[in-house]
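In what comes next, subunit A is part of two complexes: it sits with subunit B in the first one and with subunit C in the second one.
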Partner chain A sequence: MDITLFLQQFLNGLSIGSVYAIFAVGYTLVFSILGIINFAHGAVFTLGAYFTYFLSGGAVGTNGLLANLALPFQFSFAIALLLGSILSGLSAIAIERLAFRPLRLKGADPLLTLVSSLGAALVIVNVLQYLVGAEIYTFSEGIYGDLPASINLGTAERPIMIRTVQIIIFGVSAVMVGILTYGIGFTRMGKALQAVAEDATTASLLGIDPERFITLTFFVSGFLGGMAGALVGSSVSIASGPYFGIAYGLKGLGVIVLGGLGNIPGAIVGGMVIGLAEAFVPTDFSGYKDAIAFAILFVMLLVRPQGLLGRSRIQKV
Partner chain B sequence: MQKLLEIQNLSVNYGAIQALQAIDLFINEGEIVTLIGANGAGKSTTLKAISRLVNPVGGRIFYQGQDVTRMAAHQVVRSGIAHSPEGRRVLTRQTVLTNLELGAYGRSDRLGIKADLEKQFLTFPRLGERRQQLAGTLSGGEQQMLAIARALMSRPKLLLLDEPSLGLAPQIVLEIFAVIRQLHQQGVTILLVEQNANLALQTANRVYILEAGQLTLTGNAAELLTDERVRQAYLG
Partner chain C sequence: MGNFLDSYGFLIVSTFWGALLGLSVYLPLMAGQLSLASPGFYALGGYIAAILSTQVLPHSGETYPFGFVLLEMGVAGLVSAVLAVILGIPVLRLRGIYLAIATIAFVEILRVLALNLEITGGAIGIFSIPQPFRSPVGYLWIALPLLVLTMVLLYRLEQSHTGRVFRAIREDELAADTMGIDPTYYKVLSFTLGAILAGMVGAVSAHFFNTWNAKQGTFDNSIIYLAFVLSGGSRTFVGPVVGGMVLTALPEVLRTIANIGGIPLWLGGFLQAMRLIIFGLLIVLGSMFYPQGIVTPELLNRLKLAFRKQPKRIST
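The block that comes next holds the complex of A and B.
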């Protein structure tokens, strides 16, 4: 492989890896605080893509209850992305209230919550299909304003073309990771959140209200999941309609297992690893990208069952 | 003397197990009261009911004359009751400093918190030397000191201590009890649950003895220390 192609693939990998990373961080956050995998996270990814699509002026297709509807106004992509992510965060809070909290307050087995989160995912997908149909939505061309579609990072003789959207994806994801790392690691609220994740009962003895932090966690998780969906959707279209998030949900699950369940730096590293690995899959095999990603995952877990950065199971008590 | 805490008719169940059966107990302001009893008698459950980690099925808890039976756990701390739980429960993945700072989570007086931090490091110099160490890597005795110091960071009026001597070397136990007496002199009211009945009776003003979820005996600590029944059952 010549160096130009290598660099190009590397930048592609960084871009898609960074979006896997923020999606996976949202996924793993809920696990870290509740010890439950939130299967509805993939559905929130889809919601984020739709919210941002409509807010940036996109119209509903010809199927579904809301056929041909569009907002009477439109936001710039940056504002639409921000509002779409906020709406996704609020949707995640609603999912928590309906599918998680009632079971938690009854002290139900976490396995039941797993099933109810799966149920929430199916409801969202079906309602979306009912409302906006199952067609493919593509963000309009001029969505990034006057920015060129791609820029050349190389020279005129040896061009290294990279799509603008990939730079945007990488930039936005990197900023989110930075804010999150600072917020969780270095602020009073972040430390309280970590306390709830380690031991909610003890946290409540310190004056921390665990329920408030569970709500906050779902918001942040949904915000990141929805933003990831919007970024991917704007880059490659909302393929497979309401089922858009399902494949990403599965891959995200792979990423957080790879990184170590509940481990935030692990989710970031895991996302980058999977994204880069996919980018270097030869074009002849690109149809098998997902299978290859999971094969890598499987081999890595054989070597490190606790995940890349997960704590080993043997702990000092 | 004024009653700081009063428990009336308190019952707690875990499913079919009746852990507490209609117990009555009070603590005056400024007292050290100790609660002793065999394993499984319901001592920890009593403390958990006060700090609202368990829901009673019957009875009332009054703190400073106010009914707190249904208050949320995180509000109980803010009203002045701190609980240093059984098994210490320090946040193992956080530093000593963060554990202490989180102990003051309900407070917003920055200067007061800072002063109280320094005060803990004065009382427990070992914690001061290890302020950046992860709490999970502390020795058992140091973790116990941290659990007590963290509880104190909320500036409690009433301190609930669950078996602070558990699993510690005799020398460390004496250190911890010296601190408990010192806190008492500074005016903190204390409810002490202990396996080490001898030490507890020497430290406390009054005693309650709990057997299988029921209070069977209460009285002056100094008197019960020489009581024949108590000596046989708890002091060996």
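The block that comes next holds the complex of A and C.
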């Protein structure tokens, strides 16, 4: 492979990988604190993309119940992204209240909560499809203002063209990872969160209210998931309707298993690895690209179920 | 009667497939294993039947030989079994949610393969799969015996040693392990039985639907089959049968309601579109308020008592 193409694919991989990373961190945060996979996370990803699309001035298509509706005001992409992510975070809190908390208070089997989150995902995606239709939504061209559509990182003879949107995605994701690492590792709040994840009962004895931190976790998780959805949506359009979040949600499973369930640095590394692996699929086999995350998932379950960075747990009776 | 069967034959047979697919999810659940693999094996079985009947064993007569269909079902069951063992052994060593995750991955990989391989017809799928019967009602010749047989086997299984082991693993895997039971063996067994059933139903469904494509094995279907079991009940095999039949018929009923005059247009449209929304709500509310489903062993016992006129007296 010639070096230009290699670099180009490498940067593509980093860009999509960083989205996988922040998306998967949202998954893994909830897992670390509740020990449950939140299958509605993919639906929140969808919500984030649509929220941001509408806030940045997009109109509903012609098929849904809300056909041709558009907001009377519009924000710049940066603000729409921020607001859209906050709305996604709030949606995640709502999902927690409706589909998780009632079961948790009953002390139900974790498997049941997983099932309930599947149901929640199905409801959200289909209600959304009913409201806005299943057509493809594309963010308008000018969302990045005056920035050029792509930037040449190479020379004039050997161009390495990178789409601006990919640089933005990578930049935003990197900032998010930085904030999270600081927030979880170095603040009082973050340390309390770690304590709840380690052992909720002990943490509550130390004066930490676990319920508050569960709500916070869902907000952060939804914020990250929604932001990932908006970034992907702005890059490749919201293809295949509201279901596109489900596809990413399933792929995200590969990412968190690769990194180790509940492991935050693992989710970041896992996202990068899968993003890069997808970028280097030869064009002849591009149809199989979507299967890579799942193939990696299988290999991990075979050789290292605790994930790349996970520690194996001893099950106590 | 004949008229009724002609107009509703398709729906009646469909409800039987629903019941059988519910049972294929129920089997691993007997041992406490949440498997979402049924649509994968279902799709696989369908492709096996579609390829065998259109390319390997083509038949030019008016109706496709009944025996060939049974043969395809056998092949589909066998292939599903082998694949389930290969998939199950490494994954079922692990406890908890790994099976759910791995089976999702399995369904997705099969879907991507089906979309890209030449033999499966890519995105278009396989068309004009030959019909062994003149009308959809004819499929009752396969659906009814298959369902009855499966239910009898499950009834026997629940009473048997193996059934008790399944239950022991579901209640507490570690405790079962310390009693000298090999949990992995029994978990793989329950998973494989479910896979065989799904594969066989897939094989005959390919004929039934006449065409087969990658849409048959999707994540959506995983959740739908799960809804069959959870709404019907996951503690006795009667639950998934009831759930599968009712929920398969439900969209049809909703469509009929939507077409009744006097209902506002948006409500009609909503009823048409709401199948998956209803399934989702059923799953969420069901896991909250009816974690055991509608048909529970206690309910069955009460029914049994109600129908028995003279309670047997135990003489001592």
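Operating definition for what follows: the second predicted complex is superposed on the first by the 310 of 317 C-alpha atoms of A that agree within 3 Å, B and C clash if a C-alpha of one lies under 4 Å from a C-alpha of the other, contacts with A are read in each partner's own complex, and residues count from 1 in each chain.
Please note the rule applied: a contact is a pair of C-beta atoms (placed from the backbone, for glycine too) under 8 Å apart; a residue touches a chain by one contact, two chains touch by 3 or more.
The structure displayed is predicted, hence computed values, not measured ones.
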item: Subunit B versus subunit C as contact partner of A:A192, first or second or both or neither; value: first
item: First, second, both or neither for A:F294, with subunit B first and subunit C second; value: second
item: Residues of subunit A touched, compared between subunit B and subunit C (which is higher); value: C
item: Contacts of A:T202 with subunit B and subunit C, given as first, second, both or neither; value: first
item: Shared subunit A surface residues [contacts with subunit B and with subunit C]; value: none
item: Subunit B residues within the subunit A interface of the complex; value: 51, 53, 72-75, 77-78, 82-83, 85, 89, 91-94, 98, 101-103, 105-106, 136-137, 150, 154
item: Residue ranges of subunit C in contact with subunit A within the complex; value: 32, 34, 90-91, 94-98, 100-102, 104-106, 108-109, 112-113, 115-116, 174-175, 178, 219-220, 223, 226-227, 230, 266, 269-270, 273-274, 276-277, 279-284, 286-288, 291
item: Subunit A - residues contacting subunit B, complex; value: 188, 191-192, 194-195, 198-199, 201-210, 316
item: Complex contact set, residues of subunit A against subunit C; value: 36-37, 65, 98-99, 102-103, 106, 108-116, 118-124, 126-127, 129-130, 246, 250, 253-254, 257, 287-288, 290-291, 294-295, 297-298, 301-302, 305, 315, 317
